[in-house]
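Some structures are shown below for you to check.
Here chain A shows up in two complexes: once beside chain B, once beside chain C.
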Partner chain A sequence: MAGSFGRYITMRVLNSIIVIIAVLMITLILFGPMVDEQLRKQIMDEIKKQVIKGGKFGQYKSAEEVQKVIQEKYELRIKSLGLDKPWYYRIWGDLTRTLKLDLGRSWFLKSDSGSRRVVDIILERIPRTVVLFGTSTILILVLQLLLGARAAAKPGTLFDRMIVVAGLLGYAFATWWVGMVLLYLFAYLIPLFPTGGMTSIPPPSDPLGYALDVMWHLTLPVLAILLVALGGGAYVTRNLMIGIMTEDYILTSRAKGVPERRIIYYHALKMAAPPILTGVTLAIAGIFSGGLLTEIVFNWPGMGLLYWDALNSLDIPVIMGNVYFTTVLIVLANLVADILYGVVDPRVRLGAGVRR
Partner chain B sequence: MPVLEVQNLKMYYEIPFRGYVRAVDDISFTLDKGESLGIVGESGCGKSSLAITLMNLLPKNAKVFGGKVLLNGKNIFEMPDEELRREVRWKQISMIFQGAMNALHPIIKVGDQIVEAITLHEDVSKEEAWKRAEDLLEMVGIDRARAHHYPFEFSGGMRQRAMIAMALALNPDVLLADEPTTALDVIVQAQILKLIKDLQKKFGIALVLISHDVSVIAEMSDKVAVMYAGMFQEYGSAEDVFLNPMHPYTKGLLAGVPSVKGKPRRLKSIPGAPPNLLNPPKGCRFHPRCPFAIDKCREELPPLVEVEPGHFVRCHRAEELKGVPWDVGE
Partner chain C sequence: MRLRETLSDFWNEFKTKKVGLVGVLLLTLTVVVAVMAPVIAPMDLKRWKDPTYWENNPKSVPPVWVPYLFGKTPVPQIVISDFDVKARKLGGFPLIVATKEFNYTYDDFPNQVRIYFNLSHGGAGAFLQVTLYRPDGQSVTIFTDTIYPSTGNETYGGWFEKNVDCNREKKVRIAVATWLQKNGLNVTADDVIVPVALFSDMKSLKQGNPKTLKGVYKIEFKSATQGKKLELERLEFLMSATAYGLLGTDDVGRDLFKGLVWGTPIALMIGVLTSVISVVVGLFYGVTSGYIGGFTDEVMMRVVDILMAMPKLPILLMLAIVYKPTVFTIVFLLAIFGWMGISRVSRSMALQLRELAFVEAARSIGASRWRIIGVHIVPNIVPYTVAALALGIPDAILTEASLSFLGLGDPSLPTWGSILHDAEQGGALGSGMWWWFIPPGLAIAIVSMAFVFIGYAIDEIVNPRLRRR
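Entry: the complex of A and B
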């Protein structure tokens, strides 16, 4: 039994690795030619500077000769870097380098600590994004289960109708718009919360104060994400639960004299959990991409805002690195959800439904 | 005092703006300890509705419009919910459900489901309850170790055995078996029926067996009720009802059952289908399909009359049609 769960996890991990490599390849193919061109230009500029500034000007007899020397040096550099061959000859090298997290240097952007290594820039921002979206995802998951189950317990009541309306309404709004409305209401009209950023400037120095400060800054963005995503999630949970409540085993539980609360929050919710987990898994990617706009609206210095800055300044290495790390994060989140799925549903863990 | 006494029970489903579906209409019977009642009838004639009414497990749109269900002398409709849940359900009356496949929670261990039934009603330790659950499984012919398995790891027959084990966990006075062998093959069906019968005799349980299968009912029951359109049409001992059927519907049902011993004959079916219980036919509810129907049958609902001691029939022409087989009417 443990063996089949082990195999299940192994398969999921292998799958994740393949997805990461595939996305990496596609990124390299898309951005490869652009990066090459930029690199050539940089090399040319560098050599021109070197030749013109470095040597004595009189060393060369004519402008043509200067041009020739530059051209020779340039070709030598290009050849030594392998840039004379098309980009796809170098994809293997690029791939292994990226997998080793050697993402090169950014063209324009700097990390907060002043580093220009792409890895430093991104690593600095990952925890911030994880804090924002991890908090939101966990809150959405827990609240949607509770609200959905509560609504399904008594379908047709006021509470149930409110969940349905909130679900459809929330779904119709965009997070960034809700975010701006929240900012207007609770940061501008009633200044309860900060208008943006992750910490006050300067941030509090003691750890507790820092944590509270971050939570204070988290409130509005998390609220914006919840308002949009929670209703829909609760609505889905409710519909799932209403279906489950009509199943035979629920009737058995009632006949057994199981209290209604236990039927809803244990027997029925246990059956609803796996599909809901699937929903959250699928939503993770959406939350991440939506996160780009959320971070911009709330000036949250995470990966989404980094995308924005990198795209605005066309800092290709940073864009590529960000795509790579975002992929890894999404794939990891899905992997965790997949493993949890096996934990909550023994049929997945024990390989039921798989014939032979 | 009979263990289970049902008096003029009426349970209708309410359909907004359209009226009531008279699924259980004026049903009465009594059942003593160790006795078994078989309820037979076509699909859609209210058998399962009767079963859930007997446990007061009604959906929101169902209402009891009259009558009593006396379980050990107490009317279950007059009990507070909490008492019903704690003292009645499963402890005094338990149930084996129609869908053998879905009646157990798919992702809770079989042992845990039985333990839950025990610990909800009795103050025993978890270990003791587990031991009892394993004993129960052994009693129905399942290996003790399988208590740690999930229902999806069981075959259909094993699930029904586990269900029976769970139904007997608290030694109930009454066991409702609603189509316990539907969806099982005949060999497993025979095994399960034998198991139910043996355990019923062993523990002196009053059994209410519901089936559309006349031969299952004939084999298992002391008393038989033939149900049609929400009403008992004929009720009596198994011998009376099957050897001397008085209601045309019973005759029709029996004409559709092959006989192993008797001489070969062509099997007959009853033409048509059970009526929509939202607007049941006026008069006798069987008259549209009855070959013997006369004008009186179309106008007047016949009462359930005791034609012989302990043999009740709901038919205007019961006496005059005594011994007349179904084919004659055709």
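Entry: the complex of A and C
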């Protein structure tokens, strides 16, 4: 019944599209008036410059006349851009423009290559954020499976209890603050790691040296994210595994004489995989937001630091663009997890209609 | 008395959960701090962000107990205000001379030196001069100023008030640099450190390793006028401490202990309010959706799906930029993104409950849909939401802290997140000011832990399915 799997995927994709459009609408509704205001000011300045500098000597008889000419030209421009009507008349145009990645120009910030186009500024930063976020997510996923399964193998032991406590503590600490403490301890107090950035200045020229340099800079931020998020993940895995270990077929396998290791790491973990993936789906947005703030602490030049920079100069177009791309990234990550979930869980694949 | 029995059973079981008891302990601690805040840390809460409120405090100094760890005695906050004031006439014109001797015996230099005066000159203007006489016989004229006759009305222009930060004031820097140059030191007004220069032994200063000159100093304030009246309303000479308060100060001199204490009630309020609103909204939304079922349920749950997939932080960030939030708007914004999880759980429970006999009985005697939801279903779900309520609190506290860390919190109040924002911007890490960024983060963690632990323990009791060993 591939049809129902197709339906499942269609629903997920549809959901993602609705989320992206909804966030875009919110962005436009919130910032539309501010952006229009700035645009009007810019046009006025431009026209004033044009009229005053470009005018021939004696062309205008009085200051009032100059003012009138400026006003006329201004109104003409405003009308041609549709700025004379409130922002919601243009929302459709703005929406389609944003979807086509035409995000306009920034007010203050520039990309590293010197471009003022918002798309350029953000596109430059996405890979850096993906490196940080991707590394941490993959590490969390792998380690949480191993740690959680190990804890579930012998519940009640010291190791197991440590996982439970670590899971609870993860809910109580802010990733970015843990980052601050790590940075203080291992970069300032004991200078083992760099105090910030993604590469040394200047970066090493050979590819291997560059990769090692990035990894060296990556260590502390990834560690901060791991310390906070890993406990929770391992805890969820452990709970699921303990539930599964009481199932009859595990007992059957034991009776058959399947080695305990194989039962835990193969039979049980396979069953636990789909709900774990759900857990990851839910955690992704959290890890991502935590990562964004951690970037600020570690001066990691990704999207999170871009929020900080844009907020400090109140560069609204950059903030709008950044929100848009953040949303797309989170939604995409969720979608991938959803599809994987469908692939590993036969109930979803075969359309038994489970609702999560 | 079923309720009472249930509660006492609950408590008996709760007592066996170590984690839960730790949570209760931590919660008690934070509540005590929150309630006692006006007593432990009295201050004008509205002026937390006002630098003039803190200007007499030493800047960027560690807690008082820190120097003792290194076997040093910190310089305390020294305020000299009981001057011997002598008023005389000089050629018919009033002249004031105020002097005071003090003993400086510390190994460290003061963090800053300030002169505060309020001089009433009747509008005729005045001349004033502040001199420091040192134990080695040298004297430094730190500050001279001319107050011009006021042209405005008497009541406004009749007095002159100033608080001079000696290390910032250009005049003082020039005067001190000139004095040092006369003593054969090669310094300019740009690189002189006034508190060090004034209190250092000249020989050691020349060697580039300044040590304090201990002994009796005398500070003298002189003022003369060409008018008829001259009165000194207030005069203070302040040498500020090298360590301050229980948790030190930040770069504008704010007492961080006060900030930490006052952050407690604010964080608790934000967390509890947000979580209560979220739980109530989520409970009713979920129950309604589950009980009505069908197409309504489908639509209502789709809304939840979509809201859950929304990136919380970026949207909150935009809302905070546009609506310059107060604490209460932040609570409202956080609650918007807090209720979906509970609504899902309550929906699935309502789905089960509506098939049960007592609900059917209620329906058969003609109870309305809303009565069934309100009287029969919701009360049965409430116990299960208590854990969610407790677990929602740390989430709200952490999210608010993140917003404040980005500089988007309530701009007037001392929240932990805003202290951490200032620490990040003020380079606390680079300058090693751990007292600025460690305590607020720990406080966030402790309050959050209290609720996480309690929520976990309740969850284990109420949802026996989760119980293991």
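Here is the rule we use: the second predicted complex is superposed on the first by the 344 of 356 C-alpha atoms of A that agree within 3 Å, B and C clash if a C-alpha of one lies under 4 Å from a C-alpha of the other, contacts with A are read in each partner's own complex, and residues count from 1 in each chain.
Note that a contact is a pair of C-beta atoms (placed from the backbone, for glycine too) under 8 Å apart; a residue touches a chain by one contact, two chains touch by 3 or more.
Remember, it's a predicted structure, so these values are computed and weren't measured experimentally.
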Chain B versus chain C on the shared chain A, clash or fit?
fit
Chain A residues in contact: does chain B have more, or chain C?
C
Using the superposition on chain A described above, determine whether A:Ile339 touches chain B (first), chain C (second), both, or neither.
neither
With the two complexes superposed on chain A, say which partner A:Leu139 touches: chain B (first), chain C (second), both, or neither.
neither
Look at A:Asn239 in the shared chain and tell me whether it touches chain B only, chain C only, both, or neither; answer first, second, both or neither.
second
Thinking of the overlay built on chain A, is A:Pro259 touched by chain B (first), by chain C (second), by both, or by neither?
first
Thinking of the overlay built on chain A, is A:His267 touched by chain B (first), by chain C (second), by both, or by neither?
first
Could you say whether A:Leu251 touches chain B, chain C, both of them, or neither, answering first, second, both or neither?
first
Angle chain B-chain A-chain C between C-alpha centres, in steps of 10 degrees?
100
Rounded to whole Å, what minimum CA distance do you find between chain B and chain C in the overlaid structures?
11
For chain A, which residues belong to both interfaces, chain B and chain C?
none
Considering only the defined contacts, which chain B positions touch chain A in the complex?
52, 55, 57, 85-86, 88-91, 94-95, 97-99, 102-108, 116-117, 120-121, 150, 152-153, 163, 166
Contact footprint of chain A on chain C as seen in their complex
19, 301-302, 305-306, 309-315, 317-319, 321-322, 391, 394-395, 398, 401-402, 405-408, 420, 423-424, 429-430, 432, 434, 437-438, 441, 444-446, 448-449, 452-453, 456, 466, 468-469
Chain A - residues contacting chain B, complex:
247-249, 251-259, 267, 270-271, 345-347, 350, 352
Quick one: in the complex, what on chain A touches chain C?
15-16, 18-19, 22-23, 26-27, 30-31, 34, 155-156, 165, 168-169, 171-174, 176-178, 180-181, 183-184, 188-189, 195, 239, 242, 285, 288-289, 292-293, 296-297, 307-308, 311-312, 314, 316, 319, 322-323, 326-327, 330-331, 334, 355
